[in-house]
Amino acid sequence: MVRKLQVGVSGLGRMGARHARHFLERTPRAELVAAFDPSPEAQAWGKQHLEPYGTKLYTDYDEMLKHPGLEAVVVAGITTEHAPQTIKAIAADKHVLCEKPLSTKVEICEDVLNAAKAKPHLKVLCGFSRRFDASYRDAAEKIDNGEIGRPTILRSQTCDKFRNDDYFVQYAKFSGGIFVDANIHDIDLALWFFGQDSIVKSVTAVGVAARYPGLKQYDDVDNGIAVVEFWGGRIAYFYSSRMMMAGQQDTTEVIGTHGKLTVNANPALNLVEMHELGGVRREVDQTYYDRFEQAFVKESNEFTECILDDKKLPFKLSGAIQAVKIGCAMAESLKSGRKIDFDDTGVQIKEARARL
Amino acid sequence: MVRKLQVGVSGLGRMGARHARHFLERTPRAELVAAFDPSPEAQAWGKQHLEPYGTKLYTDYDEMLKHPGLEAVVVAGITTEHAPQTIKAIAADKHVLCEKPLSTKVEICEDVLNAAKAKPHLKVLCGFSRRFDASYRDAAEKIDNGEIGRPTILRSQTCDKFRNDDYFVQYAKFSGGIFVDANIHDIDLALWFFGQDSIVKSVTAVGVAARYPGLKQYDDVDNGIAVVEFWGGRIAYFYSSRMMMAGQQDTTEVIGTHGKLTVNANPALNLVEMHELGGVRREVDQTYYDRFEQAFVKESNEFTECILDDKKLPFKLSGAIQAVKIGCAMAESLKSGRKIDFDDTGVQIKEARARL
Amino acid sequence: MVRKLQVGVSGLGRMGARHARHFLERTPRAELVAAFDPSPEAQAWGKQHLEPYGTKLYTDYDEMLKHPGLEAVVVAGITTEHAPQTIKAIAADKHVLCEKPLSTKVEICEDVLNAAKAKPHLKVLCGFSRRFDASYRDAAEKIDNGEIGRPTILRSQTCDKFRNDDYFVQYAKFSGGIFVDANIHDIDLALWFFGQDSIVKSVTAVGVAARYPGLKQYDDVDNGIAVVEFWGGRIAYFYSSRMMMAGQQDTTEVIGTHGKLTVNANPALNLVEMHELGGVRREVDQTYYDRFEQAFVKESNEFTECILDDKKLPFKLSGAIQAVKIGCAMAESLKSGRKIDFDDTGVQIKEARARL
Amino acid sequence: MVRKLQVGVSGLGRMGARHARHFLERTPRAELVAAFDPSPEAQAWGKQHLEPYGTKLYTDYDEMLKHPGLEAVVVAGITTEHAPQTIKAIAADKHVLCEKPLSTKVEICEDVLNAAKAKPHLKVLCGFSRRFDASYRDAAEKIDNGEIGRPTILRSQTCDKFRNDDYFVQYAKFSGGIFVDANIHDIDLALWFFGQDSIVKSVTAVGVAARYPGLKQYDDVDNGIAVVEFWGGRIAYFYSSRMMMAGQQDTTEVIGTHGKLTVNANPALNLVEMHELGGVRREVDQTYYDRFEQAFVKESNEFTECILDDKKLPFKLSGAIQAVKIGCAMAESLKSGRKIDFDDTGVQIKEARARL
């Protein structure tokens, strides 16, 4: 019989529970042997959905790391635990798939990176789900084939459906703000399509809190726009929103010197269109997961394959730090009202100003 | 100063009034010198919209034909007058643009054709507006260029928006039925794209009266489907409806041996899309005129140009007879419940049947 | 630990191998314990892809039926074996998921139905994959909710990408012809949306062999059009083709008295669009499996669930016989050049004809 | 007979010749009585296309202004002449339709505005063609109706098809740069949808010269991105490009607190789609005029109507100055690499900076 990767999931909240099921049910080469979440709700959910299939439940993360035979950990709990748990798992010699962002602070990201560098035999992956999406991969392949010439301009947005509650405000307390939380994906796309080693030249961000004034207390907004110049003549510009009415709309456009391509310029829930009084209507994905479910499943399968077959991960961990760095600069620019410049080694230039 | 074509319009109903304005305002090389319509409403409309610009109004068609200098007549009144007025105009040595159909009877169409043949110096055009539409012309050009190989299958539909009144039932009294009235355009497209001299091999038509049961008294339906085989291995299939909720939807698809093309597969009123609760919505053309306004204007300009510059008309009058012949066979098939076969010269084969 | 359904697959050809993997890897509640295919290639494939995961390979179908603990069989070999293998499996008291069509002959389908009726505790499912597709299900739900009024007209097509080889000609020997092979899905959709108990009133079919003249020897065509009237005022019309250049295009449109809906009116491989010289281009699914992969996975999961939880199957086996009956009438109409009529109990009316 | 507006056109270059024909042929209530352009080519063109229809040609602008009965002038020559000719025409008591931009300098724009203010009986219109486009008007109406809530974010782009020559470089000498030349339309849209009296808060612009390095000598770029904050919590962001391969793509998106709308998110030349090897392809408008021809015709008709019927122009001249002011700030930001701030009366804040 074939060997299966022994996986544990940390965090059984919304996203963690999904990861758990992906490894349990939709990752043929892996077995979900352990799961950690101290909350009573999560334990109850695990007893019903995981335990009957052989997954052992833990209320202590360190205990889970000692689960016999455990080889890999999925870190999918709250953002502030991403880095500490990843570092602990690495210390325990486990491969790690960590949800994005590694941290909302650059220095902490670097701690993770250093921990990973010290154990080069481990696979440490930051879960940028779009990297596993069939359409983005097709786009990347076409770009690599030179079909649009040199990628020059990237436009990308992560826009959530409006929620008639205070979820987004509550969430803003620890999310790092809309740029680090939502546009982090778009920044990662810029690094993917422009080259992982692109060096940031400037960052400007603005925003408004149009539907959730409560965000202001956390220096956050519900609509953010940011422009990032990279050295070498490339520009990315981003939009993020929490107030889409139709549903989730994550769209990307890459403009090259000899063509352009779009990903999800026309969002749609499925292939149905209604012709009715008022016109022709199609429904739209409601959540991030509606849009990227298959990508998450691909992610768990490829993570498993990379470990079992000792293959290179599809992208480097260091990029995740770059993305956080740029996201944090956006948040800073939003707060200060200033454009932030970087020298050609990517080091931020500090300035003094005076109004005349 | 340049010479302008002297035009008269017969009929100032909905479509006739539009023709009048197209010649008056949007056909630079023509002058609308005369207009005929005996109805008081039409006369009142003409007094306001035409007379101040120099158009003389008539209540007698024969009188209008005697208007000094009149060169061309647009026949746009009720269907039953199309043929007699066209024949009279030809007799008076006028060029004619006649609205479709020439007649709902094949023999009468042939009378018009014979009248026209006797005066080859006159331009006699049957107004198949799609022939002047930019998209259909682009399609024709691509087909002529061989971009889809040999056209083999044609699907085409003419579907009207549902009306919450008895207009369609009233109209059915003299329209010749949905196939002759609506699908006549689609039949003409088949003749255009398959070749004007295509010979019909069989006709089958079925239909239902789903929203307007009153249509049954006229052997008419509000949803009709017909299949027409042509000798030489080509098939056209048609749909017509009077109960679209979103708006007008006239779509055509031409499938060739090496590719296919569609015209108006995704109807839209304009370039606006609404993202709102429920999804993404676009409005749709409400009427035939919304969709084909520019084609009608092109028609009046080209008709004028063909006369002034003595150019060949873009298509032959004989095709209009073919279209009526096929449309009438559809109506017959609908009524009899039988497939109608034609020999390879296009002559209908009569059969006797007995149930076993 | 939870109980998993013990499944065997018969046939490891293209589609059978997919079914095998779906049950092995993507159906969490099932175990693929056995697989049958006598061909050396299939055995080799099975040794590599199935055996290491615990699936026992058989070269004798009857032996596989005796596999200890086997509960259900997927019949996915050549069409002519569908019915005999299904009947044997039922006799051996196994649940069956049989690929469509049950048979290309109506009488044989009825044998299967009778066998199944004799063992009402068994779940016997005919694999109409579109029944498990998320978009078709959404359409069905909207129709059930009355969102388009009473479904009146259905247009549906199954169109394959052109292949530059003689596959379609070879395949025609035993496929039952394009209507039974391809449009069977569309007929099933008509029965779904119009009601499983709809009674056929007439069938007319025409076709041409435009790219594969070799099809004529089997009375088959590469482009077929058929119109089916149902008693009670409903009409379905169908198109099938083997010569699409862009890819697979399976489109359905349901027109109701108060609205219409389309499924896959704009086929697309993924969410990428290329803006390039010549315009905006999107790629298209190349095969039936590209389009319906998720539906097949859903099918294996629901089949499993219906057995384990003793739920009702999502549709009745008798509908599959209806679909074959209508498909065969299309093939007969194509061959005879005649419209075929049925009385209001669905019995075919035989006629004699004489040309006058 | 009815009175017709007596119009003269200044400049018979590409756009001027179009204006001339629009007034000659497609503006029923106007007469093109005069046209000015000193170039021999323009005179030759005018002799062929205008003179035979009664238009008098001039080689001296001042002479044209003296044309007996002349009531209105269309200023459509080179950008640097827009302001002087408009001011002269106003002085001669003529109504003026002036092509955008009034000038590439804010002060000169203000001179025009002052000249116009001094003669309030004259209609002076700056030709922002999108204001007359049916889709933008539909968008405006929907916004006015509150269909998207409060407009908060606007994204708009003006992107030209790549040209394989040095036209764009030559043009950059006097165009004022890509922001003033191309995005001026998008800025005007922001002022339209956010309110004509919106006060700019900050402007940031970046860009690259990716295909036309020759642009750098004029401080211009071929891809520009700009973000404009307005006081009161609204943001517009813009993109302009000279290197689209598929064709012209001018797209606008207005995001409101309760919905969003797009204009031309899916550009298309017409209603034809090609299904061919490689996928489904539609062609795209090649030029600005392809996209906005009908809007220009509407413009000439409405300008005429406003004068003849003494109606209010559809938008104020002062907005045109605002648009130029913002466009110039973009150009300045691009050049300086700095964000430009404005106080809440719209006055630019000057700053000193020092790198620490």
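Annotations
Labels A, B, C and D are assigned to the chains in the order they are written; within every chain, residues are numbered from 1.
The rule we apply is simple: contacts are C-beta pairs under 8 Å (C-beta built on N, C-alpha and C of every residue); 3 or more make two chains touch, one makes a residue touch a chain.
Given the structure is predicted, the values throughout are model-derived calculations rather than measurements.
The chains touching chain A as well as chain D are B, C.
In this assembly, the chain whose C-alpha centre lies farthest from chain B is A. Note on interfaces A-B and B-D: more C-beta pairs are in contact across B-D.
Inter-chain centre distance (chain B to chain D, centres taken as mean C-alpha positions): 39 Å. Chain B has its Cα centroid 57 Å from the Cα centroid of chain A.
Counting only residues that touch two or more partner chains, chain C has 244-246, 259-260, 265-266, 269, 275-277.
The touching residues of chain B, when paired with chain A in their complex, are 244-247, 249, 266-269, 275-284.
Across the interface of their complex, chain C is touched by residues 150, 152-153, 155, 202, 204, 206-211, 223, 225, 227, 229, 233-235, 237, 239, 241, 243-246, 255, 257-260, 265-266, 337-339, 341, 349-356 of chain B. Residue ranges on chain C touching chain A, taken from their complex, read 1-2, 24-26, 28, 52-54, 134-135, 138-139, 142, 147-148, 259-265, 269-277.
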